[in-house]
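Read from first to last, the chains carry the letters A, B, C and D; within each, the first residue is number 1.
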Amino acid sequence: MSVFGLPDRAYELQRAVRAFVDGTVIPAEDGTLARNVDRLDEVCSELRRKARTAGVFAPDLWEQWKGSRLGWQVRHLVLEEVGRSPLGAGALHCAPPDMPNIDLLAAVANPEQRVRYLQPLINAEVRSCFAMTEPTPGAGSDPSMLKTTARLAGRRWVINGHKWFISGAIGARFAIVIATTDSGPTMFIVESTNPGWRIQRSLRSLDSHQLGGHAEIRIVDCIVDDECRLGETGKALVYAQMRLEPARLAHCMRMVGRAQRVTELAQQYLRRRQSFGSPLAELQNVQTLVADSHIDLYAARLMTWHVAAKMDAGESVKQDSAIAKVFVSEAVCRIADRAVQLAGASGTLVDEPIGQFFQEVRPFRIYDGASEVHRAAIGRRVLRSSHELADLDPLLMQG
Amino acid sequence: MSVFGLPDRAYELQRAVRAFVDGTVIPAEDGTLARNVDRLDEVCSELRRKARTAGVFAPDLWEQWKGSRLGWQVRHLVLEEVGRSPLGAGALHCAPPDMPNIDLLAAVANPEQRVRYLQPLINAEVRSCFAMTEPTPGAGSDPSMLKTTARLAGRRWVINGHKWFISGAIGARFAIVIATTDSGPTMFIVESTNPGWRIQRSLRSLDSHQLGGHAEIRIVDCIVDDECRLGETGKALVYAQMRLEPARLAHCMRMVGRAQRVTELAQQYLRRRQSFGSPLAELQNVQTLVADSHIDLYAARLMTWHVAAKMDAGESVKQDSAIAKVFVSEAVCRIADRAVQLAGASGTLVDEPIGQFFQEVRPFRIYDGASEVHRAAIGRRVLRSSHELADLDPLLMQG
Amino acid sequence: MSVFGLPDRAYELQRAVRAFVDGTVIPAEDGTLARNVDRLDEVCSELRRKARTAGVFAPDLWEQWKGSRLGWQVRHLVLEEVGRSPLGAGALHCAPPDMPNIDLLAAVANPEQRVRYLQPLINAEVRSCFAMTEPTPGAGSDPSMLKTTARLAGRRWVINGHKWFISGAIGARFAIVIATTDSGPTMFIVESTNPGWRIQRSLRSLDSHQLGGHAEIRIVDCIVDDECRLGETGKALVYAQMRLEPARLAHCMRMVGRAQRVTELAQQYLRRRQSFGSPLAELQNVQTLVADSHIDLYAARLMTWHVAAKMDAGESVKQDSAIAKVFVSEAVCRIADRAVQLAGASGTLVDEPIGQFFQEVRPFRIYDGASEVHRAAIGRRVLRSSHELADLDPLLMQG
Amino acid sequence: MSVFGLPDRAYELQRAVRAFVDGTVIPAEDGTLARNVDRLDEVCSELRRKARTAGVFAPDLWEQWKGSRLGWQVRHLVLEEVGRSPLGAGALHCAPPDMPNIDLLAAVANPEQRVRYLQPLINAEVRSCFAMTEPTPGAGSDPSMLKTTARLAGRRWVINGHKWFISGAIGARFAIVIATTDSGPTMFIVESTNPGWRIQRSLRSLDSHQLGGHAEIRIVDCIVDDECRLGETGKALVYAQMRLEPARLAHCMRMVGRAQRVTELAQQYLRRRQSFGSPLAELQNVQTLVADSHIDLYAARLMTWHVAAKMDAGESVKQDSAIAKVFVSEAVCRIADRAVQLAGASGTLVDEPIGQFFQEVRPFRIYDGASEVHRAAIGRRVLRSSHELADLDPLLMQG
């Protein structure tokens, strides 16, 4: 048992996931999948079948740790391993938006919705998406600017709006849509066969390897029964927040995994390569870049673990998870950038893991709250509190 | 006449180039050209015809300023405008590798070579490439590791080697190849129809919009006459250095142009967009990012101008141009990164100018000398000099 | 004539100043003068006598270049040399607050005030101070918060207020005080013998080597004749702004001089010192720190020169000088920090030039406008302009 | 019990220390003590008496947790509280060099030495110092350059050498001196009454508030009995390394405490102060600086805790403690710098806690291994390991 207090079987699980990722997922990597939505879906479906056989299908893994108060700490071990490959989360069925959608439906869906939407989603029989973000002048970082509306007409709702960057939309069976009603922002489940749900285009984003891509959607006189309302009217932003914290923590875990991998790949390159009469690995400037990435990895992991441990303990992580999101998203971008630099020309190839991660990681400083928004909020929370230090534990960031 | 001492007609020229870029080049932009080598060639050919008509064909422009001791300062004005579009340098025929190859051939080629290679290249009737870089364990940052060989067999040379990241190779009429002979590294002109010159693959690099792409080349028993030797045997590294300084300065100029453009695009976005109850343009965190990009642009331009002015004055720019290369390449990467952040989700679209520049600019910190290599060299030059300050002019970096 | 277009005699002057600073000023340095207001005054008085004899007394130097449109560019050469020593500006009589006060009085004072205050100040017969800054809740970064008042009682004004960080106050013959009147903020000349002018304490600031220290002042029922009003009522902030831009540019010049010197001192140390089997000068991490300081020096000098050249050309430097202030103040702090690191333990000695500069330079990021205030203003100016680029000269920062 | 697994009584202890520091130590602070070696000694002696009475005398505290496998984690809680005041560690008798000297003597001293040196040191009846560092060309960062020699003459050693930056030397009863013998570097206990031990001068360092100051020492024909040899001959560097890891971890703990305090002081200032029409606390640039300090504090604490927990678990912390040292020393410098900036002019006062910490913290990036030395070593350890990841625990930095 390490200083983190996790039992041996957690590490056994981690080893199993690592073995599957190394032996099955990484060999299936192919740079051209980056923005090929159809092929990516096929490849990941096949990998999911193998993951199930290998006993590393994520929903099954989470099931085992339910109620153990180690849930997020174990997810941490798994998600970091999974994150080593851009195909990993799809392969083990713990990729967004499905994974946070499962958590959300598990918390909010009614019994009929659980049968119709949650269970097939857990089983990876279908995919889903989460439709919140809107183009200007709608809701970007600021959800209060929501322009999509839902109007009650008898027992049915008529939804109209414009969404974009809806990850996973292409091929999804259903979407969780946020729209404003008379009672405030409300969530609805919209099936993709609904004629009012129209995928306008697939957006080519730096953030590639997304199952179902990133789509721009028009919602036009989209009629849904009140049974498709998810949770209470007017509660959508509360639910979205509930979904967001774990979703961004999971991102941190996966991204640290990839950051570790590209650092290892760069190191392998450096051990082989000579320049100006020395192995690159013997140059101080190279050692310094490697050291900086390991310093970033160390801090990123400890923060991620700490937020996970607090979530497991049922403590509030509002401030801590915002800090972790800012730090980790920036740290993994720095690490990706250093890996490119360390690998030299070969680091600039867009279809190789390093060049590919350099692109893919960049949007993480924007989605789930841009760094600038989080920093202002973190500082404001500190400055508006009436006292400096509520809790004496110096390890529990207060201020 | 501004503080930089350039005559009015230099600024008139700049305005003409700006008008052509705005009116003709930018409207022809198309994100999908980024790595489409064939289409890019066609589009740029067409634009070059228009540039000639508009009187902004670069070789003609340079001709006018020859001998005026303002050559590089005028190039600066032109290249920054040209750089605003990823198609600009191709459109005005001042893109690498042709532009520095023209400078090199003008300095080194013999009369026959001038007729056969230089003149068609100036006229944009053909394209060329420069084949120096080799994959591990060959010559990357360190040219002394050259593995390509040229062996004299009678009056002919037999060249064998492996090159990669040879920009512009696809569709080039000829290559300037560096190979080691008994007398040291030597340059040869190899025509692409030579059966020993084999394009193995087109490399997909972050650095897109390269006319002729980036190729991996095998040179296999490639036979060339001694007439194809460029300059003296054993002098290739001297010539390469001669070519490199202006080439990297020209890169700085073009890249600052693009950095200016993406900053403007981000600013236009910020002026339109609201968030959390304020226009984004009124948020201090946004203003600060904008300010930082303008600070970087200011310094980058002044350095670029200063190196150009010293080159025009015939002064050595060894240290200054190394400093400018490091600073400018890093500054434009920071600016690209800020533009992505400022433009939010729309900044992450890979085919739009901001997301596209974010990728394209990254390799600049590696090619023409990685920042780490330059920093060590800059520091070493300072520390090995026996005195602190040779020249009292505080504006002439000594130390 | 260099690329900067300065005539030879400017560089001759620079050499003369350098010789005086090296031969006379630097030998008089003594770390214990840092916060010893009385001794510092004595030492500088003595040095001023020698400077006059050597023909490098600054007011005389400026006189020669009046009307030549090279005024600020020549000051640049002189002030950078002078800045090499913490005693330099005092020794040549071009230290704040006297130097900018002279500029201000030359522009605004009436004939009687010129005789009584300006001329003795030019001659260094007296010292002066500038009393604007107030403690909370008065005017710090934001001059509109001015709490000091001046009430007209017949032909006389009664001033009351609280000022602090009034540099040069101890031993000054007179102060230029800003106080609010019915017509708005107004400047007054208050003689230090006025019983209403009370020096409450000398503040010990990181910014040491200030002639006349930094004082906290109480102004209590301080009665002055209307003849002591400087310029028009209600115009104090306009005059203060007029004084501020040159004052902060002069700071940039002097601080770059010191930054150059501590970099040279660190380099001398590195050339002598061995560690882990190599001369420190041969370690890449050391070379990189040295390179970074030279990159910063290069950019800092070019910006400072450019603002000076624009001022000489009568152009507005509002945006450029704000950018230069932010960049230079931060660059010299980074350079000071690197010099400490490069000099190791000996760099931490508070009375030696490196450790001393590390402290002294820090407040420069706060005074004359904190970096955060300037950045917001720089960004705001860009974002509020209706067009992107007024002037096509890429070298003239617009945006 | 928090996620860190510490029992309640650890937090009770922390609260008691906090109460003593707040109620007794902080009220005794006085900026003029910074470099007043004699007064500082008196003030701390008096505080130590009170600490004993209050039951927070550190040696007594450590005693209680011996053998509990929580030793370093409890020290973490205590040392962070203690570190809030520059007088704290002296007041509770857990300041260097005595605290690490106690640890060293406890591990290495023979029974006679324990009685004669260790026990009085634990009781705070005497002070001690550790004499390793030498001026150029001796041992600075690189202990292999040791120039001090010890020559055996019969049963006695004759030591000659030159040491500097010997913290705590003034007023120390004895020194632990490292000198080279025929068998390699060896430790000796030298009493300060030995005529061969000569304090040459007290060095004024940025690192103030050091009990016993920082001295330059000449060791001249200093004769000591072989009974004064500490441990085995030739083992000094092993012992020094043993002493160094805990010593630098303890520094991290104390420095984070001070960083927290100056951040709180800056926050109190920001809540009170207005500028440009808003409370400073409402400005995004201010919130961002505050957020950055909290991000740094969060990471710094987690790293410090993690190294402490691994030491308690008996695991090797070679790489982790080097990473923590680099990160924490740089983070606390950034935090100090931000506190100065946030507090504006009042942050530059050298005798106030913020301005004082800004100076004091700077040398931490140099002593206990300069960042550059550590980074090269961290990178080298990674690059020389034959495999990427020995242990699957992603939380245990491997590479």
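Rule of thumb we're sticking to: a contact is a pair of C-beta atoms (placed from the backbone, for glycine too) under 8 Å apart; a residue touches a chain by one contact, two chains touch by 3 or more.
Model, not experiment: these values are computed from the prediction.
K.L.:
Specify the chain most distant from subunit C by Cα centroid.
P.N.:
Measuring from the centre of subunit C, the most distant chain centre belongs to A.
K.L.:
Could you see whether A-D or B-D has the larger number of C-beta contact pairs?
P.N.:
A-D
K.L.:
For subunit A versus subunit B, what separation do you get between their C-alpha means, in angstrom?
P.N.:
38
K.L.:
In whole angstrom, how far does the Cα centroid of subunit A sit from the Cα centroid of subunit D?
P.N.:
The answer is 41 Å.
K.L.:
Roughly how far is subunit B from subunit D, centre to centre by C-alpha average, rounded to an integer in Å?
P.N.:
51
K.L.:
On subunit B, where are the residues touching two or more other chains?
P.N.:
In subunit B, 283-286, 288-289, 372, 375-376 touch at least two other chains.
K.L.:
Give the list of subunit A residues in touch with subunit B in this complex.
P.N.:
31, 35, 133, 135-137, 140-142, 144-145, 164-165, 203-207, 272-277, 283, 285-286, 289, 337, 340-341, 344-351, 355, 358-359, 362-363, 365-367, 370-373, 375-376
K.L.:
What part of subunit A is in contact with subunit C in the complex they form?
P.N.:
Those in contact with subunit C are residues 283-285, 288.
K.L.:
Please name which positions on subunit D make contact with subunit A in the complex.
P.N.:
Residue positions touching the partner: 2-5, 11, 14-15, 18, 76-77, 80-81, 256-257, 260, 263-264, 267-268, 270-271, 281-282, 284, 286-292, 294-295, 297-299, 301-303, 305-306, 309-310, 312-313, 315, 320, 323-324, 326-327, 372, 374-380, 382-384, 388-389, 392-397, 399.
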